Each structure stands twice: as C-alpha cells, then as structure tokens.
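Below, chain A partners chain B and then partners chain C, in two separate complexes.
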Partner chain A sequence: MSGHKFIGKSVVRVDGKAKLTGAAAFVDDLEFGPGLLHAVIIESPHAYAKIRKIDFAKALDVEGVVKVVTGKEFPYRFGLYMHDRYVFAQDHVRFVGEQVAAVIARTPAVAKKAAGLVKVEYEVLKPVLDVETALKEDARLIHPELGNYHHVPWFFPKKDTNIAHFRKVRKGDAEQGFREADHVFEDTYTVPRYAHCSIETHGAIGLFDHSRRLTVWAASQSPHTQRHLFAEALAPLGLKHKDIRVIAPSVGGGFGGKAGVSMEILAAALATTVQGSPVKVHWTREQEFYNTYQRQGVVAKMRVGVKNDGTITALEQKLYWDAGAYVEYGANVVNAAGLSASGPYRIPNVHIDSVCVYTNLPPGGPYRGFGYSEFLFGLESHFNEVAKKLGIDPVEFRRKNAICTGDVLNYGGKMNPSGLLECIDKVAREIDWGKKRVSADPRKAIGKGFALFWKAPAMPPNASSTAFLKFNEDGSLNILVSAMEIGQGFLTVMAQIAAEVLSVPPEKIRVETPDTDRNPYEWQTVASHITWGTGNAVKKAAIDAREQILDIVSSALGQPRESLYLDDEQVRSRSDAGFALPLRDFVINGIMMKDGTFRGGPIIGRGMFMPEFASALSDPETSQGGKPNVHYTVGASAIEIEVDRETGKITIPKVVLGVDCGKVLNPDLLKGQVTGGMVQGLATVLYEDMRFDEKGRLLNPNFTDYKIPTALDTPEEIVSIFVEHEQPDGPFGARGVGEHTMIPAAPIIANAIEDALGIRIRSMPITAEKIALAIKDS
Partner chain B sequence: MPITHSFDYQKPGSLREALALLARKSAVALAGGTDLIGHLKEGLVSPELLVDLKGLKELKKIEHRGGALHIGALVTFAEVIDSKVIGKKLPVLAEIARKVASVGIRNRATLVGNLCSAVPCLDTGPILVAMDALVLVKGKRGSRKIPAEKWFIAPRKTARKPGELVTGISIPLPRGKAAACYLKLGRYRGEDLAQASVFVSIEQSSRGAKARNFRVAFGSVGPVPCRARKIEKALAAGGALIDMVALKKLVPAEISPITDIRASKEYRLHMCQVMLERALAAADGRLNGTGPAYGASLL
Partner chain C sequence: MKKRIRFVLNGEKRAIDVAPQETLLEALRDGLGVKSPKCGCDRGDCGTCTVMIDGRTVRSCLVLGVEVDGAVVTTLEGVMENGELSPLQQAFLDRNAFQCGFCAPGMIMSATELLARNEQPTREEVQEGLAGNLCRCTGYSPIIDAVLETAGVVPKGGRDERP
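Let's look at the complex of A and B:
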C-alpha cells in the first residue's frame, strides 16, 4: 500500500527528548520524601532446604528498623499461568537466593545491616540441579503438592514427578515418516541459562494507604497483569482490583525480565505491613541475576528423517527444559516452544515432546525469543549437518523444505501469509552465498552460516489491548494505552498509527507510560504482539474518533457524510472543494450553530482488540484442534565470520537478517530492533553463560564474569532486509518482529564455524576457548 | 548498594601527616577507590579510618630522571595514557593502561592501586616484574625500595607492611634501542580481567649489533606475575633466530595456570604460547620500525 503519510516513515522517537535530556523518570528517580522505608531481603543460601526457624529478635533491636516480615504473614500461592510460587518461602526454600524474609527500615544501610542479624536455621536437602537427575524415577520431588496446583487449562503437569508441564505435539505419523526416509540423522544439543541484563535492575515501591488502597510504582513490562496478580495473591487481605493501582514510569530495558510478577510482589506485600508508609525494594545487580527470571536451559534430542533429494519426511524433537524452582511463567515458554519446535518447515510428520522440569535453580521465565532461540540452535545446526551429509547446499535444503502460506502447522491450523522464500533469497544474495572468501591472514579461516527462524506470540488466546484517545483544544491529542515503551519504539509507532488515521502529525500526539487507574487495559508488553495488538486497538480508537468527527461535522453543518474525510488536521469534503474545517476549531468546544448553541463536544476515541479466532483448547495427546498462535513471523539470517585458528576468536565482517514483518511501520526503529536483537543474540552464542556450582550457587551474578556486548563487540556491518507480505489482521498489515531479530544468532554462528573449520559445536556458548581447544583436538 | 560499616575519613595535606594517620590501627589509604569502595559496599573490609591521599600533590607526578621512569601513587591510568613522557620513553606502559578496565574506571583508578591490589590478573604485574621495577614504600620508620618480583607474595598479598604507604614506582628504562608489547587475553572485546597476559620487551644490547636482551613475563597464569627467565635466556642465546617450537615448549615450565570461571588451564597454557609468539613478533617489528602501532589489537 502506498500513499501513507506517516506509516512506513522513520518518524523520530516521541520519547527521545525525554530520554536524552534526563527528563524521563525511572522508578529509582521517583521521590517519596523522608517517610520512604527501605526493605532488604534475607535470602536462602541453599538450593533446597527446609526452614526450621527464623530468629529476627536482634534485627528488631537495630535503631531504625521498622519491621521484619517472613513467610508467615503471606501464606499464599500465586503465579501467572500456574500457582506454584510464594511471596516469601514457606516451609521450604527451592533455590539459592530465594526470599525468606525482609527487614523494613528507615534507610537502606540500616535495613542491610539488620538483615545480616536475621538468623535462619535450615535443614539442608540434596538439591536437584539438572533435568537428568530431576527426571529419574526416584528423584526428590521439588513440589510434592504439584497435583493440587491451579494452572491454565493448556498445561499438563504430571503429579508426583518433577514434570510441571508436558507439551506433546503429534502431527501425521512420525514412525511412518521415518520409515519413508532414506536416512535418519539424530543428535543432541544443549543450551545453558541466560540473563536479560537490562541496564536498569528491578525496583518497586509499594504504598498501602490508610484507606486501604495499594499503589505500586514498578519498573515493569506488565502493569495490568501485575495489578491482577497482586489482587489475586493478596485477595485474602480483602483487596479488590479497583483498590490496586500500578504506575509504570520509564523502564530501562525489559527483554521479558520485567514481565509477569517476580520481585514486585515484595513491594506490594510489604507495603500492606507498614500501612501509610511507602516501602521500596530495589534489586542489586546480583539479585537481578538470580532472583527475577532466567532464560531456561534446554537439552534437545532430535531425529530427522530425510529423502535423498533433501525432502524432510519426519522430525522428532525431545526438549527437556531446566525450568527452575518455580515455573508459573516459564512453563509457558516450554509450551510455546513445544508447539513450534519444527521451525519454519513443511514437515508432514512431527513428534515433539517439550518437557518442563523443576530443578533447584532460579526460576526460569520469559526472555526475548521465548524458547525459540533455544530450540533453533539445535534444529538449525542439525539441518546443516543433514544437508551436508546429503551433499545438498544448506540454503537449497532450507528452501526446499521452507514453510509456505497455507501449509499445515504443527497443531493443524494453516500458515499465515509468509514471505519466507523471499527472505531466503534476499539474504543469500546479500551475503554472497556460495562464494568462498580466503583471508589475507593465513591464521584466519572465513566461513558463512545460514539459518531460518520463526516465532509466534505466546499468549493466552484472549490477550487483549485497549486504547483511549483524547483530543485537546489545539487539535493535539493524548493517547492512553498500557503497553510499555521498553526501547522498541512502541510509543512512536502508536503515534504514527493514530496520525495516519486522523491526519494529525505525530509531533502533535503524546503517548506515555501507563497508570492502571487512568489507562485502559493491556495484557502485557511481551510476545512481540504490541505493535500488532495495541496497534490494532489504537487504530480502532482513532477510527472511532474519526467517525465521531465526521458525524458531527455532517450533522451540524449539513455536509454529506460520505464526502467527508480528514486531511492535514482538517475535515475536508470530496464534494465541496472549498470546505476545510480545522480540527482545533471543534474537537473540544464543538461546533456553534447559527443560534449560538453548540453541537458535538470533546472527542474521545475508544479502541479494543482481542483476537477472537485464537483458542488454546486442543487434544493434550496431540495438540491438534486449537489455534494457539495468532500468527508466525518468519525470516532468514546469514553471517560471515573470520575465525583465528590459534585463538579461536571470531570477528564478524557482516551479518544479514531478513524478516517478513508484514508491513514496516517505522524503518529506523525496525532497524534498531534488528541491530539490538542481533547483538544480543550474538552475545548469547559467543560468550554469555550462567555458571552454577555443585551446590546450585550462581558463580557469575555480575558483569565481571557474565559478559554482555559493548560497542566494540558489534559486527562491522548489520544489514536489515524487510519483506512485506501483509498480515490481514494487523494494523496496516504489520505483524510482530521484536524478538525475532535475536533468534537466529546462535545457529548462524555455529554453522559459520562449521563452514570455516569443519568443526560442529553442539553446546552453547561457543566461546573462543571452546573453538581453540576444539581445533587443537581435531 | 549502601555501605553499612561506619568509619572516619581524613584527607591529610602532607605525606608526613598521612603516614602518621596510616600508622593507626585499621587505617586504609584511599586513592582512586575503585577497589576499596566496592569492597566497603560488599562488606569485605571494615576499616576504622580512610586516609584520602588525593591532597598529596607530590604523589601525582610522572617524571623521567636518572634513567628511570617515576610514577607517583596518585597517577591514574588515564594520565598514564595521556603522558608525553611515557609515550616517548615507555610507550608499552600506555598500551597496558589502555587495556585496564574502561574509560570511567581509568579516570579514577591509579597504577599504584592496581599493583597494591596484587590480584593475579592485574595488568601492571608482568611489566613491573619483567622490567625490574622498584616499588617505593614509606613508613613512619623510613623508606624502602622493593623489587617488583619481591613485592608480589601471593594473590592479594604484597610485601607492604602495616602502616606503610606506597608512594610510587620506579621503572628502569632500557639504555639502548628497545621495543615491547603487552597482550591481554579477554573473553570479548569489551573490558575484561585478563584470562592470561604476556609482556615482552626487546632491547638492543651494547654487546653488538646482533645481540639483544629479552624480558618476558606472564600474568593471570599463576598466583603472582611470572617472570619467564628460561624463555628470556633461550631467546638471548638464539640471537636473531627465534625457534618458536622450542620456545613454546618452555612455556609450561614458566607458568602455573588454573581452571576457573574465566578460562581453563588448557586454554590459558595454549594462549600463553600463542601470545608469546605474537608479542615477540610485534616487539621485534616495533624495534625495526615495522611493527604494529602500540595499542593495536593483535588477538
């Protein structure tokens, strides 16, 4: 579609000035005066233990200490998709760092000092630290009560085991598919845990005032979902949703880590114990690593059946996820990955087991990519090996099996419009696929890697977005939404969408971060669904306002309704070229009639979007029958690397990512997503890695030993290619793209290393050390 | 993260006053504070008195005198990088300084603070032991000059006695034409602690045009920086010819790497061999005027 005035243009970020000047306030910038109390958390030093006794008498004696709170005050279980976690540990602790108690004091220093005086007696139990141990017949149960836990209908926990959820996908007849194959290739790949590493750590301030209203200011991706979970968890205190208010100021990075409810529950719960005083909980960098959510580790065992000509006849994927001590959010990662673990391929016979396993490691949860980066590392590495063994070019192999519009998905639905083949061809051309380069430096080997990717939003089938749109006297407007600006440029794109519909330039539109009292409902800013879902709601709100405008102009001034349209902040008429009524003349004050009375009045638009075609109900034994995913976004990525054969170090002259985003709404912002996602993804494959010791303690909860990329670590060139096969139900044809830009990073690197050196590495991360030692051993 | 421990703070105006304060029990000297403040926050140290040295102008100097480079205790890594004298007389020191932490840290952290930390991965260790640097120490009872090799005793342990203050270091400069190279292995290109490091210096000897003196030391591959004398000897004996295969075989005897979260023993050993070869080639090239510029990335 051409002829858009604001859509498809690189409109400058509407929040840019506030961020650059420091005007944007983050949760730690908020002032609460001298009455602000501070909480410091007493944490479990053990991965698994029974709490025998908590003695905090000495802590109470410290001057400035207001209160010590333990699990006794909050014996409630809660969670997003499964109620398996607690405000504070109850009788057991299940990971190192779990919150056991809190000291509330007048200053952070007093709280910290007093926290050191709280004595907790434990009976230490042998922890379960990996999926293999957890799945053993006689394994110690981490949640003996699992069978009684409340959970969403699409989870299938196995009681009296450590399996919190088991997603089975059976499409076609896998055994038959393997029989039809000329070859069956199998392998195992492993991916460790990762941390989001937002610049801003988690923080929240709770205030339970004397009228029993609870307000929480939080660094958040999910203000409404947090309100809902606070209301659920604290329902025994008699709190209603209307009594709870979540205010989300600017947030310094999310990547999934600030979705759902993790530490924010502490601010909400603690506030109720010190009525009338605000209480602040602010995570240190260490806590940010071990007590929020972590990206889950996975062991992926796969078998692929292929014909001699490269046609895939069957795929079996067994994914064992190390989901940690509480899986209230992480089990849905397992679920989403299970449904899609075939990758973007047309495979007639699919057998997937995606198994969510409790371990005594920190809770797993959402992280950009939501399980897809994890299974694609193995799958896309393995497909390269398969192509190599068949003597088929890996790009050709992918092209041959790539999913196309209308193909049958793993759960039986049809694939949405897909420009995957176009992405493959454009990316291959951009990276000069098939042309070998030789380094001028004899110590260096050059290789190229290629991979496909896909991802669907993982969310409840009825995850909804809403928007209010209010005109002001001068024709400018404010849009109220409750999604979060987490760097992706969402505020700007919402302004563009409204601008396009209303013919008001984006600079005259203000969109800000939400307050659940004032802003309408949004499920969460996750799943790459905001541009799509909230975008649809904003578009509907803008259309609602436009219709009101045209109605009133038509009825008040007698202009034929069907001739009216908006252009350049005015109402114009196709049948009366001279007619031009500026919006500012009437969007608040209405239109004055000849007798001095007015018609119309303030224009307020309302928009709501809920996908009415999605369903999570399906046969638990096969996953056939529902429509759990609203759409898949697909693409291809390729990289060229230079590897130093002696040091194992890699430099990246060029990386390319082509994605079918349906419709590019803002090219600069989308390019930013590709750059950021790719750099983040490359770090997970090249050096990021969470290390735990034999007692389940995280060894590197800091940037000294958990490395995230700096400007020096970015590839020399990152090329974004945007393909546009419109999503019929997306705003202007757009579909989600935020997470996808990091998903293919691991397999393109692994495949490029194999191309350069002939060495296949099957575990992440692929550090320089791993490469150098593999070369030495080969 | 708050500091929960309370302490007194003094900022003396003279060295004598500083030494008197440091003689008190549980007094700690504060210069850049990039280690100390972190340790205070984490509760690793609990001094009763912090003696801030930043008022002592005499410790802020970089001087070339008597064939040696003198660097005062308050000289930061940023100042080392910007120093004209160092750029001219010992450019490898600026190459080392550029590899320490990040710009923000280098603006505060001092070179002397780095060697006082005596962590096995410190960047200034290899050059100081290789160049026979002297650590200048003052106490109430007088001054001492401690050779760098005797300064480092164990991880985080130095020859400094309680109450003593390091006022600076003195690095003897090569008499003849010389060049050097420092290579630091990190996990990525951003700031990192050394997984392993190597320092190499080559000096034209007065014994003849072809004769050369070599100085070699490794860092992060032992409890203290390791001077590699067997390698130095083999290199000096070899004259213009360097037998890298034979030389690499000497590396395991010079270092004692361990496996930890930053690297395995095997990778450290392997990389010490690789880095030795590259550092020698770079230093040799620099000596002949054909080598890579100081600060160039060679890994």
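Let's look at the complex of A and C:
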C-alpha cells in the first residue's frame, strides 16, 4: 500500500473512548451554574399571517420571568447566502412554528408557563403551500421585499415573484440535440420534504458578559460561520468578530442540519438582552422537526433525447424546489443541484432550470446530499425507463453514457479523474447483474436495481480551511482545526494525516472540537469537503512543522539538510545511519549547543488551504465560464430486493455501493460512511416523509409518526467497494465521500421495484402501502 | 413538594430530593450531574436516555425520579470495569459501532442488558433487542456485529488494514 504507515489504515478512532464512556460532552451536558436562564419560544400557529399585536404584560408578571423579547429588539435581516431571515418575525410570520417572541426565565418550567400567557393577535392570510400555487401569475408574494435582499453574486432572484433564485444551465444546443434524437422520453418525478433526525436536537447557550463579549456554545457544524453570521446580524450592537466566540462541544449528529445558522441566532441575540447571564435555548424533538432546516421537496420534469443505440443526445431538466419560507441557505441547494442535474453522464446538450420557490412551509436547507439525492431519484429512474424502452440493459446504457475523466461538465470545465466505469463494473459483478433470482415463495418477487451517482462540494469558491499544529515536551501533539467531528471520524483522519507526515503515531495526537478564539478559521463542516480541504491544511501544517524540525537539526548539529528525514518519532539521516534524534528531545526545549546555549524552540506548524482555482462567476443565462465545483466524486450502486406481492413490504438481502474516493484514508471509517449513509438513504425512499395539513402544519413531528430506521431495518448485507483514482489536489489523493453514500438509495429501490413487479413509481417515498396499492391497480 | 429518595447509583449510595413530576432522566442529569443518559425525544421513542433499574433497562424519560427510591440504578458511568472499557465497549470501539456518539450510552445499556439475559443471541435477537434505540449515523450493522462479537457469536475483528 504505497509505503504509508498510517494512511490507508483503519486507525482506531481518537474520539472513541470519550464517546463510549459518556466522557464526551454535548451542548446539553455543559453546566452553567445557578445563574443560567432559560428561554422558551412563542411560535406562530399560522403558516402565513400578519402580526397585529403582541401582549406580554401577564407573562412579565410571573415570578421568575426575567424578560420577554420580540422582533422589536432585533429588526435586522441575516442569512448565509441571502439575507432574508429575521431573528424574530417582524410584521409577518411565514411558516407554522416561526419564532415570534421569547420568554426568558429562571427555570424552564417558569419560562414555559409564562410563554403560555403571551397573547399574539394575527391577521391570518391564505398560505402558499406548494410550488405550483407559488408560481401562478397572481400568487401572493411571500417576500414582497425580495428585490432588496442582499445575496451572493451567483443567485438570481426574480423580484415581484416567489422565485428566490433561478439557476439556468445551457450547454450545447438542447433543441438541436432533441432533433438529432431517435426518441424523446419525458416524465415527472416528485420528492417530498425530509428531516435530518439527528438524535441530538439543536441547542445553544449564549452569554453576553459585562465586558460586552458574546460567547455562544452550540451544537454546531459551523463554528466560524456562526460567529460571522452572529457578527453580521448583531453588528448594530457594535460587536466585532473578535468580541464573539463560538465554542462547539461534541455534536450528536449533523447531516447538514446543524450547518449555517438556524436557532443558534436566538441564543446569541437573547444573550444580549440579559447581559451578564447565560441563556439557554434547547429545541424539543417537535421543534427539531419544524424549526430547523428541512430537506426541500422537488418536482422534476425531464425530457431526454436518445439515439437507437442508447447515446443520449440531449437532456432537459426542470426542477421546481419547495424551498420554504426562508431560503438563505436552501437557495444554494437549488443552485448546486442545478449545476449538476445531468448526473454523471456525458451529455452534449443540456438545458436545466433549477428554480428556488418560496412557500409557507418551514425553511429548506442543507441535508446530506445537498439536492443531488432529490434530482437523482427522477433522473436515474427515468434513465432506467429509457434503457428499457430502447431494449438496452440499464447497466450497459449507463456505461455507454457515463462521464469520463476530461469530459466537458455542464458549466464548461473538465471532469476530474474518475473511476466511474470501474465502479460500474465492480458493482455489477458484486450484485450478479443479469442473473435473475426467483423466490421459492410465490408471494415474493425479486428484483435488482442499479444507479449511478455523483456529487461535488457546494461551497463558495473561497471556502477555506486552516490548521495549527503544536508539539509538546514528550513529542506528542495537539492539532487545532475548526472543522467539526460530527460522527464521520474527522478527528481521527486529521490525526492520521499529521501522523503520516511527522512519523508520530495517531494515539499521540490529540484533535478536538473547536473554540473560535483558539482554533484557526474553517468555513463549515459541510459539502463532504473537510477530509479534502481541512486535510490539506493539516498536511501543510505538518509539513511546515517538519521543515522547521529538519532546519533546526541541520543548522544546530551540522547534519546535511537534504539527508534528514523523520521516522518513528525521530530525525534520521540517510547519510549517517547512526544518527537518530528523538523528537521529544528538542521540539519544545530546543537543541543544546556545546556552550550551553540552545537552538530552536517550540515547534508550531501552520497550514492553510483555499481552492484558488474555483470561481462562481459565470454567465447567468447559461452558467458557462466559471469553475463552481472543485471536484466531483462519482460512483455506482445496486440492490437486490424481495417484495411481498400482497403487502408491498420490501426486504433487502444485499446492497452494494462503489465509490471513487480518490484514496482510502481509513477503510473502516469509509465503510462506516457507506453503511450509515445507505441506511439513511433507504429510509427516505422506504418510510420517511414529512406530512403537512392544508394549513401548513407538520403532522408528524416525532419518531412515532416519522419513521426512521431501527436495528430491525438494516439490509442483510451492505458491500462497500472503493476505487482509487487519485484526486491530484487532495491529501494523499483523497476526495470527499460523506454525503454520496445516501444519494443513490432512492433510485436503486425504485428501479428494483420496477424490475421485480414491472411497476414504475414516480413519487417518493415508496412505502409498502404505495407498492401494494400500485400492485392492485396494475 | 420535593421528596427525599435513596438509591444505589453505579455502586454508590445516593440521596436526593426530587419533585413529584421530575423524571429519572432529569434527576440524574440535573440533580446528580450524571450526563451519559441523553434526552433525544422526551417521550420514550429514541432510547438515548436508557439506564438500568435493578438490572432492567428503562427509558429514564418515562420513569419518575420517585420511582427509584430503594432501587439499584446503573448508567453508562457504572458499566466500566476498574476504569477499563467493558468487553462490549471495547467491541464497540474495535468495530466503529458509533459515530457521533450521542446514542452510544443508551445503546450500550440496552446491549449490556441483552447480553446479561441472553449470552448467545442470534443476529435477529440482537436486532430485536436494540430496536428501541435509535441511531442515525451507523446504519446499525457495526453495532449488531459488536454485540455478537462480545457474545462470541462472530469472531473478533472487523478492522481492515490495522496500522
């Protein structure tokens, strides 16, 4: 394995003992003493309404109530990519559950009781609950001020409409492509909203002390971005970035839900109203469902032109996203999906409209997969149908059109090194593609499904990562980074990278979750970019430390610089086999010279990585010209299912996922991403579904009614296949994989159902009930 | 009106005053500073607050504090053996049977009880036994394997390419 000592090895997780013994502290585990205040939020019961009056006199009378805060105190807009949100609703509420006011009290019970005494008068308006209604000519505008909102330069809102962003991709000449086709097939697929369901709900504690320093402890994927957004939102109070500090303890699951800023702004803002006392906001499971980001629903209308031999000549995708009441983060999901909605295929003529539509449902936002799961359900289902209609094997069809290294991407750039064909072949072999199994039980139908997937990190072109690395007296080290361990094993992989460069074993390296005062900048832990981006920064920091070490040993001891190298925690020399200087002898205290003076001193490494080649600037009418994506990670997946012909219930004997991760840094951790991601993805197609009533209220905000998988629901066998076509700019060749493992789950199921029963289901989820009804209808 | 209760917590005699409506989870976390049981749903759906009363697992969010008067309560803090990981915890570590770690305390409590009652469980019995503990990260299979490994039902290992 290319001579690596720690890279490519299943190093034991550095955070394992803490997490398995209860030592890991999550935000709700932190103690703030008897001065801690508790906030309870008064929420809108209406999906769309004008706030007439808020009367909280009675609440203020309750003993133990410290303060009631409303939108009046914070009339500022904020947001990640577009400033369309408020800390508390101003004159309008736009979704059921939106924060209208807060009661701050000495105990949670008092806060809750007093919150019940706050009276809000509303003028109820007719809500806009689906994209079709929102896009009508005479639709009620959810954000009449849209034209004035500040946003990133790659968004194109349409003022005086409910369209918050319109991403157009035009590659080649789609009409010409359709004319060249022997057949044109079109169809529509729909995907509902989904919830992340981290087992830990959101929570944050804010403290604005008497020196006007604001500290926020939060369950967070984005400590620095949160600090920045707090600074932006609270700038009128005169706070500078240096005065704001975010401390991120262990996080009980993220999946995108704890990225950006959602409820954390409440802790930050409320703290400024009760100077000197920490104030805690902690979401209940119900609030976790309706007032954090949700995965957006989409209606996907597609048209594909093909030749008789299966060559795709043109693709048209029209994606209408139900982005909810505020799109400050969700509009970038729409953007990213729009740029990539061709899937990993070589298609010369592409026409994509990806439309971000405001509705009066909870705000959409980032969820593992970032729009790709949503469009790939339709695309990969449709391609299966196309192959079938042409009489071509679905795997062969995909192989024929699969994107290869150097092919032209939708926005004009070139595809990075890609092992997609290798993934296709290995996955097909593993699932025994082409061999049909028949169940001994006549009630059971067996089917196989196949799909390709791809995803690129969606991030600003200058999203950057940094790392500090500090040696200790015994030669152990601490690495300071600000990307987050959210379960994926990030801390362990950073330790492995530094270990490889410095020849110090990972168990002698401590990497912890950050405090923005101490740890250097990181954009966010999203986009499957941190193994790549932060990994590059850590590698550079380790190299920086190594160079200092070799410099000092060379200059102090007269060893030829070019002969020196690190091995087994020592400096060794290729020209002097007897030379071996342990790191612990000098990395803090330096090297003593003959005269008793010292050379060197504490070794501190510094590393920074920003993808300097990326650019989000392109022609708004075509998306041509920029380089919005740093790289794509590609792969293939296949499944075998057994369907009960009477009940529609599906069991899964085997599922396979092959991904080109560039380079495997830790095989067991990577396998963990496949197993966990696949099960999470399968749940979105088999059981999960957010249901809203005609007034926009979420009907299933709990684990009884919103079913996530249990230990009984895991497939019998999940096979991971890793292909390594190195990413030239990745640490040791690695690229991101964290989100990708859930992306193909829906289409492999849909295609397997079609294979088993001959029934094509075009809307998610595909529950047993839906299958049983479809069987009855067919 | 608070009531004084006495019980054995992780081998130590404890006395604490609890309000009648206070849950065991609140008493442990807020009253005694025992933080391994977590609150994930507050209605018995997720299992992350799982602890043992007299050797049987319960959802501590569904049990009142007053109910444990005179009982023996065990949390994850009491599962370690002389400061060392229990064989089950070790198997969780070896097999990456956790990711974010939030469900791990409850999951380990349920698995500990399962193995105490059934030394040689089948895969299905393990799945059944853990079905009340939700995990959103792992996809469960490494957890199931860790429990089976501890029982000696599957061989030790699971770690490819150790350094």
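General remarks:
The definition used in the following text is that the second predicted complex is superposed on the first by the 777 of 778 C-alpha atoms of A that agree within 3 Å, B and C clash if a C-alpha of one lies under 4 Å from a C-alpha of the other, contacts with A are read in each partner's own complex, and residues count from 1 in each chain.
Rule of thumb we're sticking to: contacts are C-beta pairs under 8 Å (C-beta built on N, C-alpha and C of every residue); 3 or more make two chains touch, one makes a residue touch a chain.
Nothing here was measured: the structure is a model prediction, and the numbers come from that model.
In the superposition on chain A, contact of A:Lys5 is made with chain C only, not with chain B.
Residue contacts after overlaying the shared chain place A:Thr767 against chain B, while chain C stays out of touching range. Contact with both chain B and chain C is seen for A:Leu712 once the two complexes are overlaid on the shared chain.
When both complexes are overlaid on chain A, the residue A:Lys649 reaches chain B alone and has no touch with chain C.
Of the two partner chains, chain B is the only one that A:Thr107 touches; chain C does not reach it. Of the two partner chains placed by superposition, only chain C is touched by A:Asp668; chain B is not. More residues of chain A are touched by C (comparison of chain B with chain C). When the two structures are aligned on the shared chain, A:Ser250 is found in touch with chain C, with no touch to chain B.
By the touch criterion defined above, A:Gly16 reaches chain C but does not reach chain B. Of the two partner chains, both chain B and chain C are touched by A:Thr704. Of the residues of chain A, those at positions 284, 704, 709-710, 712-713 touch chain B in one of the two structures and chain C in the other.
Every residue of chain C that touches chain A in the complex is listed here, in rising order: 29, 33, 35-36, 38-43, 45-46, 48, 75-77, 80, 85, 89, 92-94, 96, 98-105, 108, 126-128, 130-144, 158-163. Listed in rising order, the residues of chain A touching chain B in the complex are 107-109, 112-113, 116, 284, 644, 646-647, 649, 683, 686-687, 691, 699-700, 704-705, 707, 709-710, 712-713, 767-769, 772-773, 776. Only residues 1, 5-6, 8-13, 15-22, 24-26, 28-29, 31, 196-201, 250-255, 284-285, 486-489, 505-506, 667-669, 671-672, 675-680, 702-704, 708-714, 718 of chain A touch chain C when the two sit together in their complex. Residue ranges on chain B touching chain A, taken from their complex, read 1-4, 185, 187-193, 261-264, 266-267, 270-271, 274, 299.
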